[in-house]
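Here chain A shows up in two complexes: once beside chain B, once beside chain C.
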Partner chain A sequence: MHPTDRLRPAVAHALWHLVLAGASLAMAFPMLWSLLTSFKGPQDVFSPSPLPWPATLDNYAAVLSSWPVGMLVGNTFIMSAGVAAGQLVIAVLAGFALVVLAPRMRPAVLSACTIALAVPPQAIIIPQFLLTTRLGWQNSELGLIVPQLGTSALAVLLLVEHVAAVPAAQIEAAALQGARPIETLWHVVLPAIRPAILAVGILVFITTWNEYLWPLLIAPRSHDATVQIGLAQFQGEGGTDYGALMAASVLTSLPIVVVYIIASRRIIDSFIKAGLRP
Partner chain B sequence: MNPSSIVAAKPNGSAVNGAELELSGLRRQFGGVAALDRVDLRIKPESLTVVVGPSGCGKSTLLRVLAGLDRPTEGRVMSDGVDVTLSPLGARDLAMVFQDYALFPHMTVAGNISFGLRLERRHDRRNGPSREFIDREVSRVAQLLNLESLLRRRPAQLSGGQRQRVALARAIVRQPRVLLLDEPMSALDVGLRATARTEILRIHRELRSTLVLVTHDQHEALTMATDLVVMDAGRVLQAGPPEDVYRRPANEFVARFVGSPAMNLRPTDAGSVGWRPTDGRLYPRGGEGDLVLTGVVERCEYTGSGQEVVCRDAHGTFTVVQQQGEEWVRPGDDVSVGVRQSALHRFDLFGDRIDG
Partner chain C sequence: MTQKAGWRPYLAPLILALAVWVYGPAVFTAVLSVMKWNLTTPPSGLVGLDNYASLFRHPEFARAAGQTILSALALLPFATIIPLVLAVMLWQRPGRASVVYRALLFVPVVVAPVAVATAWKFLLNPLQGLMNRILEVFGIPPVNWLGDPGTALLVLVAITAAKVVAFNLVLYTATLSGIDRALVSAAELEGATRWEISRFIVGPHVARTTVVLALLSVVLAGQWTFTSVSVLTQGGPDGVTDSVYYRIYALGFQFFDTGAASAAGVLVLLAFAVLATAWSVVRRSRRASH
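This part shows the complex of A and B:
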């Protein structure tokens, strides 16, 4: 054996770590920058020095006194959780139906889902808006959540494959033991696809949290609005208050960061088991 | 009541009895291929019927149709005279042990065994089994299959043999009238198979259900069956007690498939003639018997209780079993084999058995 052969894996390892560390830094940079900027005074916002000196909490004070942080975060959380839960219910039921109850429908329905993914949301947003207002759902959680359940195609596509991966014999064994379809779903299929459900749920939750156009249309009033709409208010005609914008961004991302820190191990585990990238 | 007995009184007090199954004109088509082709079969109540055949012969499809997991394209399945061809799963009073056991991985052993009973209770709070009854039944079958110390484990923490016993326990806890077993031994180490066979035979004896077992192992089939069914290409070739199938195979396929080493066959003017390797006797040239063939010894395989001598003649090879103490031949020897008339099996040009 050549002496460098033993070194090679270690060198490759180190190189890989270097690449990954660089990528992580690149991804963390915008967040780091906004965190640092949020402590800068108005005169330093555009200074090339990354360090906020002298540091100030004025931005946070201003945001907390004039901006309904709790309300916006609460609204956004209810909307995101509602959409995630609703899409999961639809996707799980669809997955079970397409794999167990009506497998012949599977190719047709999955093709339809794939086509639905290709339709840009802007193309249907006007009829969707008209329908929602006619139902009288503007400025309400119903109006924020229900129309966004119509875009469950991705969740269906992701979960169907996981339902299909549950061994057929287990589903048949449950049926032979006298389980009704809904009982088979609940006792046999759901526990088997739990990691995938968590992963898809997080994916939908984050996408919905970042949603801008629909909340802007349906709930533009500040006390019904979501975080993304609220943040946009800092970019006014009279210029943008970057310090306050960054402070508000930091504050509103705190809940998600905290949840992630608490549950990071389970979340990463779910994505690995589900074979999905967040 | 004997605590080790498998048959507990059901809530209504009746003892379990196996059902009689009757298949008539059964056909199951997958695309252009008939997995089952006009199958007529009567499965006696409380029998241990073993369905045997090579891979793809339709035996698994037969079992799935019996279970109701698969609908026949044509024909009927009767259970005690009642047509159950289209009755829903779970309404047939039968249980099945799957080839890979299909245990529920997130439930404990106890949870797996009690699954069906717990569903029964949920479906019918008034007349369904009580919680105490469920606990009692689970510990009864756990004791019977030696699973008491494993009840809190999950399937992933069990060995292959233990998983199989859990699958059996889950199948018999509700005392089904029919128990279907799909290649129950195939996932086990050779050493465990004998134990598993004994376990299944004991369950059959005590449960008094009708057992239908599917296997591709003719040895397993011969040793376990009260009734043997040989299938090939979607058809039942022969059904009957294993001794009959072994002694009077209905055709060349059954003759070759059942018995090990396989029956020797040689063409004749009217079809073919066959004899079991144990029925031939070797002579050093010029033997005695009603059929005498000559050949050269190709190889000798020591079996412990004797040896299997493989000889070559103009038509290929044939095998003769020599008992311990008479292993005098060596590879390269010129030999004759003699077979008595009574040990010969004759088949016509279609391969069907001739004579009585």
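This part shows the complex of A and C:
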């Protein structure tokens, strides 16, 4: 018998809150503290008091006027949306092929995806870099987006199970009515897996938004850079203005956190369906 | 549907992406590892295993490898037991409080590693940072967290640990939501305690996920540490926060020694091949036991 079962339920419940509240605080603390600090004036930046009082928006004003936030966010948005769209196209086409058109290929291709997923990016980054520069794609969105389509494996593994869950009868009915495969994909499969596509798309978007090493190598110049590179450089140069630094950090990560919290239910559902159940 | 023809254009983009950006580069890394090549000059021919020999001649690589393995081992509890306990607790009492806790616990998964590193640099500021202020209250002298070889690796492991806990919490949550609630209700009606439910229903359900997660986190953790190392310590002080991943980057893009960096890349790939073999053995035993 577990010890908590002997305690009164109210005590067990309080203990439950204590552990989870403590863990939540520990996990979210650095970002919560960054958020609070970003509203503190220069005299309070290092104050151990959590509440920003008197609160100020000066840090945000300073960042927005001295840091090319709009451009960095724009670059990062184009890269993340491009990679998410590209990976979704690749994964939906592949998922359809592996489930409907050529099911006998499925084990081999999914194994190739799993292996690709396990390859550490640093181990193959030199040839990737050489190829990208030979193609003349340095400092360009092409160079940021296309090589990152190589990590489509996860999107494929997640989406193929969703395609497999579309009732075979619906697909066969479309074929019997003379639909070409592309029409079946468009009119039958796509509507059925739309929630999964959205969830996987958001997951890829967030991962790409946070990517650091590849943009660092391909687009380090400030006007082509992504928010991560900009933030790292900002931190390296003006390391003393912590209020502004925290405001910059919040501006570049908060939107992503909000998107994730809204979408997390769906993302978890897509993991469940992809066979994470033992 | 039995249209055997016509699958090629659907599969081609994936095959092309994997071949050009993953498998091709893996092969090319092996080729580069036996060549003498400085990124700034053209390749000047085969040198056999010289690049590998040079890696082992200098102590940095072996040290980085040791630290990578050490960090991975230190992260094992954060990959398994800690997220499992948290996930089971959240699963036991579904409700509004759980939703709030879950959202907060997931934060490290999604926040950019650069932003997290920036926050820690601020919190660990040796002169006025919050961490040293707290120590001061207890009469402990200030610590130069990131500058002291005794604490720097610990800090980087802790930063990565938060991300590993959060990531695996997502996966455990997904696994647990596959448990039939009706089964749990039935057990409760029969008078099963919460502990018995955890032991006899949840336990068997998550056992194999735990093995997979332990391996997965070993695979991913080193890569996740890369950004923190790059932003906070660049492998220092005294090389204590160096890892094989950072070493490849430093050799290739700071010393422009393409050959040595590629040799290091091949050694990492070989290590992963061993891990992957272990993984497939686990999977096979999993299938056999079903």
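Rule of thumb we're sticking to: the second predicted complex is superposed on the first by the 214 of 278 C-alpha atoms of A that agree within 3 Å, B and C clash if a C-alpha of one lies under 4 Å from a C-alpha of the other, contacts with A are read in each partner's own complex, and residues count from 1 in each chain.
The rule we apply is simple: contacts are C-beta pairs under 8 Å (C-beta built on N, C-alpha and C of every residue); 3 or more make two chains touch, one makes a residue touch a chain.
What you are looking at is a predicted structure, and each value in this text was computed from that prediction instead of being measured.
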- Looking at the overlay, does A:A108 come into contact with chain B only (first), chain C only (second), both, or neither? neither
- chain B versus chain C as contact partner of A:A192, first or second or both or neither: first
- Note on the structure: In this superposition, the partner of chain A with more touched residues, chain B or chain C, is C
- First (chain B), second (chain C), both or neither touched by A:A165: neither
- Message: By the touch definition at the top of the document, which applies to A:Q177: first (chain B), second (chain C), both, or neither?
- Response: first
- Would you check which partner chain A:A61 touches, where first means chain B only, second means chain C only, and both and neither mean what they say? neither
- Touching A:Y242 in the superposition: chain B (first), chain C (second), both, neither? second
- Message: So in the superposed three-chain picture, is A:L231 touching just chain B, just chain C, both, or none of them (first/second/both/neither)?
- Response: second
- Message: Taking the superposition on A as described, I'd like to know which of chain B and chain C A:L217 touches: first, second, both or neither.
- Response: second
- In the overlay, answer first, second, both or neither for which of chain B and chain C A:L135 touches. neither
- Task: Would you mind listing the overlap between the chain B footprint and the chain C footprint on chain A?
- Result: 172, 175
- Within their complex, chain C touches chain A through residues 1, 3-4, 6-7, 9-11, 13-15, 17-18, 20-26, 28-29, 32, 86, 89-90, 92-93, 97-98, 100-116, 118-123, 125, 128-130, 133-134, 162, 165-166, 170-171, 173-175, 177-178, 193-196, 198, 205-209, 219, 222-223, 226-227, 230-231, 244-245, 248-249, 252-253, 258, 261-262, 265-266, 268-269, 272, 275-276, 286
- Task: Would you pull the chain B residues touching chain A in the complex into a rising list?
- Result: 67-69, 89-90, 94-96, 98-100, 102-106, 115-116, 119-120, 122-123, 170, 174
- Task: Would you pull the chain A residues touching chain B in the complex into a rising list?
- Result: 167, 169-170, 172-179, 183, 187-188, 191-192
- Query: chain C touches which residues of chain A in the complex?
  - Reply: 1-2, 4-5, 13, 16-17, 19-21, 23-28, 30-31, 33-34, 37, 46, 48, 89-91, 93-94, 96-98, 100-102, 105, 109, 112-113, 115-116, 118-131, 146-147, 149-153, 156, 171-172, 175, 181, 184, 206, 209-210, 212-213, 216-217, 227-228, 231-232, 235, 239, 242, 245-246, 249-250, 252-253, 256-257, 260-261, 264, 267-268, 271-272, 276-278
